[in-house]
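Here subunit A shows up in two complexes: once beside subunit B, once beside subunit C.
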Partner chain A sequence: MTALLQNVFAGLALGATYALVALGFVIIYKATGVLNFAQGGLLALGSYLGYTFTNSLAVAFGIAIVLACASAALVGAAFQRVVLTRMVGQPVFAVVMITIGLLFVLDPLVTAIWGFDNLQLANPWNIQRVVAGELVLGVRDLWSIGLTATVVAAFFVFFRYSRLGVAMRATAFDPEAALAQGISARRVFAVSWAISSALAALAGITLAAGPGGLSPAIGLIALTAFPAMILGGLDSPAGAVLGGLIVGLAEALTRGYQDQLFSWAGENVSVIVPYVIMVLILLVRPYGLLGTAEVRRI
Partner chain B sequence: MAEPSEPPLLAVRNLEVVYHDVVLVLRGVSLEVPAGAVVALLGANGAGKTTLLRAVTGLLAPHRGKITKGVVELAGHPVTHADPAEVVRRGIAQVMEGRRIFAEMTVEDNLRAGAYTRRSRAEVRENHARVMELFPALADRRTSIAGYLSGGEQQMLAIGRALMASPTLLLLDEPSLGLAPKLVEQVRDIIVTINQAGTSVLLVEQNATMALSIATRGYVLELGKVVRDGPADELLDDDDIREFYLGAVADGSPAGRRSFAEVKSYRRRKRWSA
Partner chain C sequence: MKAAGTVSGGRPHRNLTRRYEQDLRLFGSPWSRAGLAGLLLTYLTLPTVLHDDFWLSVLIYAGITSIGAIGLNLLTGFCGQVSLGHAFFVGAGAYCASVVGGDLGLPLPLWLLAAAALGALVGGLIGPFALRLRGLYLAIVTLGLVFIGEHLWRNLDGVTGGNSGTSVTAAAVLGPLDFDALNLGGEQYSRNQGWFWLVWSLVLVTALLAKNLVRTRPGRAMQAVRDRDLAAEVIGVSAGRYKVGAFAVSSAIAAVGGGLFGTYQQFVSPDEWGLILSVQYIAVIIVGGLGTVFGSILGALFVGALPALIDRYSHAIPGVSAGVGGDGVITVFALNQMIFGLLIVGFLVFEPRGLAGIWLRIKAYFTGWPFSY
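Up next, the complex of A and B:
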């Protein structure tokens, strides 16, 4: 029982990070109809910026997180403003290719500035543990879950009730009709990029504070958040969070019970589990768990 | 004494619009909406009515259209190449063809989207109260998903959403499209009420009877040109208009229908015949 709970906790912590990245994917997809392949690059950039703020500039960790998220948001919004604005009305495919291009720019940029070495992000969590009964909970994991929950809740309140949130949903549903209401699509797009870049940076920093440390490969986590987003439903923010948690739990549980249940499948079977789950769920629900087919009057 | 140089609320002069750099859709259209008036814009499919509205509201760009000549003025102020947000802020709201409500959002959120350009909370509250009063059916369904409303209710929502922007000029693109005759009447009454409250209206319609019955003035657009304009009652009495837009049979013709060749008032190239 303890082992199960321990694994579930690890899964939630991992899932929280996936959820943040997946939510970032969904926000941009929903607003602009574009799958942003540069999400992993923005995540890497954000976590390295966090490293610069804490380690090089010795800023307090909490403030460093905020600064890193804000800078990543600026980069995302600026990229949208400078590059993608020119692509309005062009085929989605072309825009998607540009985001792949951005990924290929961010990757070498990060290694050029910070190098290939594995860095240790100075953080107050380190390997501290809280012991609750028989469970051993990592402080970093607790923070990761808590921060994600707070940020996600804040996003949903913003998305549902704020004026800009309404504008974002309207633009997502029908860009032209939103324009006709006087909603500035450019602002909505820029805000979408800013939010999802900030989410990526937050995910990157909590990840970099973990046992893996900070290396240029950190952006690869976006590849695992990808199935999380797809199985949750491409256009559903709530689905992204749910998908992230499912993928995280599945991965952690498979890893935890690897030697008992999955020994036949080899050591790293947990890595492919997210994709297997994605395929299975898509077979039953092609538009994802919470993705909308389309609202229609009957 | 009438003021001599009071500019009309909306003035469109010699407007030329080209799509995709090659398709000439408006060929020098001029039109005026005086303050406080209801002006009807009639014309067949493809005549350029919707394009004219897009040109006024700055919505040509998503359709790869461009204004190549002419000016659009709102109360004497040029808004020819203004972006949509500025046009709405200046007081032109549009009810798009086919309603285009945000079907996945609630009625309330649709209205909030319409009020996007209005920063003053008091003003938004006031407009909201007015819309609720004008459309009691919407008041009952404020929290419903807009996509599940009936067609008539959706049209009411589209009009209500436009009113949330406190427009001085309301552009309506075929508000009677796809509605039952009773609902068309209701829409007509609402337009009259809105106009009486001080909002000028440019009404694009294929239902010419309805449009001319409330309009003070009408314009007939064909293949990108204004081919006929005048006071609404004059157009209602016009034989050609009656025949082509009102479905009336011309008096005195032996077969009950006139031959196209006999018509001399303007060259007709009808593509829409009913």
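Up next, the complex of A and C:
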């Protein structure tokens, strides 16, 4: 029982990170109708910037997080402004491919600047643990869950009550009608890229503060967040969070019980479990768990 | 007797199409026929002129990439289905060639056909998803395919040799011709020379097949599905059937490319069939031109030759190191990756029709001359 709870906790912590990244995907998708493959690159960039702020510039950890998120947001918004505005009216495929291009540019850029070595991000959490009954909870995991919960809550409040949030929802719903109401679509697009990149940077830093440390492979987590987002539904923020948690739990549980239950499926089967779950769910619900079914009219 | 439409006995202009047979010709004008003859001549004589193994192998890899890219272009460029899973089918073809050609020892046509059949079968399995999912959902499922495939390749030790990879011993023998050690009229040719002829003849076959496919009913149906699947269904095209068909044909061609790749390289490991290979194929068709067959070949030559050139001349480019831990700022691999990225972004922003678009523009200028505008 303790082992199970321990695995569930690990799954929640992992799922929280996925949820952050998936939420970033959904925000950009809702605003611009594009899937941002570069999220992984922005995540890596953000976490390495966090490393520079804490380790090289010796900024306090909390401030470093804010600075890294802000810089990532700036990069994301700049990319949207410089490149993607030229692509308005082009097919979705072309725009999606451009974000893949960006991913392949950011990745080598990060390794060119920071190298291939595994770096340790200076952080106050480290490997500290809290013991609750028989459970051993990592402080970083607790923070990761807490931060995600806060950000998600703040995000929902922002979307519901703030002027910009409502403008973003309106643009997502019908860009032309929103324009007619005097909403600047350009601003909404740039802001959604900024928010999404900041979320990616936050996810990257919480991940880099963990036992894995910081390595160029950190961006790969964004690829696992794809199933999380698709599973929840491309256009549903709540779905992204739900999908993130499901995928995180499933991955952690398969890893925890690899030897007892999943030895037949080969080593490291937990890596592909998110994709398998996604495929199975999509066969039953083609628009994800909470996504809006596309109405096709002649 | 004068044919209708001709005035004062003069011949009609060469651009005037008067019969259906003329309209159907792939190489209709004298210029394009001359171009075709030139290309065929180059194909036949190039390996005898160019002996350098490096350049021959670059061209062979470019040819193999062309085959795979034609497959992807049929699916993405003509049928409008985005697939990030092309690497999976290429890998499946390579292992199929390894088993059928290597372990069972069957001849070249058989292992190529076996690879194609397996590719079509596996591609057809994607069918249910292609029917139910659209656009980005489908793209992510095919992305999942790459990862699930990688897991399979790493764990099916018997076929793939697990993480450490397997050697491919399939023989490239067609009747009296052994392309590994070609002997024509007493003249002995090297492996690279033989493979150049083999691979590029297959590129020609694939290109003709694809070109004819897209001109016939299924091809037009595929393009209708690409442009708007709902409208296609209204005019009586069964969108589902052609989507599944496009997946099957595309992955069959990819698997043939994979089989050639594995056999030429003689060794394959699971690391090769990652997402980067899929993206490389996407870069090829974007750079070459979506929805054109010869664009796939142009793109493959361009994108295939570039990394080889960088690799060869890496010592001459400042700041580039040959491997991890070298002196430079950026490794060759990372630089290649970056260039793929920049090529994709650059072409989509500035020349969305790719190299083929540039070529068609030049051609249109001269065909319309002196009334070009």
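Keep this in mind: the second predicted complex is superposed on the first by the 293 of 298 C-alpha atoms of A that agree within 3 Å, B and C clash if a C-alpha of one lies under 4 Å from a C-alpha of the other, contacts with A are read in each partner's own complex, and residues count from 1 in each chain.
Throughout what follows, contacts are C-beta pairs under 8 Å (C-beta built on N, C-alpha and C of every residue); 3 or more make two chains touch, one makes a residue touch a chain.
Small disclaimer: the values here were computed from a predicted structure and weren't measured.
Under the clash rule set out above, the superposition-derived model of subunit A with subunit B and subunit C shows the two partners fitting side by side. Within the superposed three-chain model, A:87 lies in touch with subunit C and out of touch with subunit B [touch as defined at top]. Contact with subunit C, but none with subunit B, is seen for A:223 once the two complexes are overlaid on the shared chain. Of the two partner chains, subunit B is the only one that A:163 touches; subunit C does not reach it.
After overlaying the two complexes on the shared chain, residue contacts for A:173 are found with subunit B alone; subunit C is out of touch.
In the superposition on chain A, A:183 makes contact with subunit B only, while subunit C stays out of contact range. In the superposed pair of complexes, A:266 makes contact with subunit C only, with no contact to subunit B.
Of the two partners, subunit B and subunit C, it is C that touches more residues of subunit A. Distance between subunit B and subunit C in the overlay is 15 Å (nearest C-alpha pair, rounded to whole angstrom).
In the superposition on the C-alpha atoms of chain A, the part of subunit A touched by subunit B in one complex and by subunit C in the other spans residues 296, 298. Interface of subunit A with subunit B (complex): residues 88-89, 163, 166-167, 169-170, 173-184, 292, 295-298. Across the interface of their complex, subunit A is touched by residues 57, 59, 61-62, 64, 83-85, 87-89, 94, 96, 100-105, 109-110, 112-114, 116-117, 145, 147-151, 161, 165 of subunit B. Across the complex, subunit A meets subunit C through its residues 29, 35, 83, 86-87, 90, 92-94, 96-98, 100-109, 111-112, 116, 223, 226-227, 230, 234, 265-269, 271-272, 275-276, 278-279, 282-283, 286-288, 294, 296, 298.
Those residues of subunit C that touch subunit A in the complex are listed here as 76, 80, 82, 128-129, 132-137, 139-141, 143-144, 147-148, 151, 154-155, 230, 234, 275, 279, 282, 286, 324-325, 329-331, 334-335, 337-338, 340-345, 348-349, 352.
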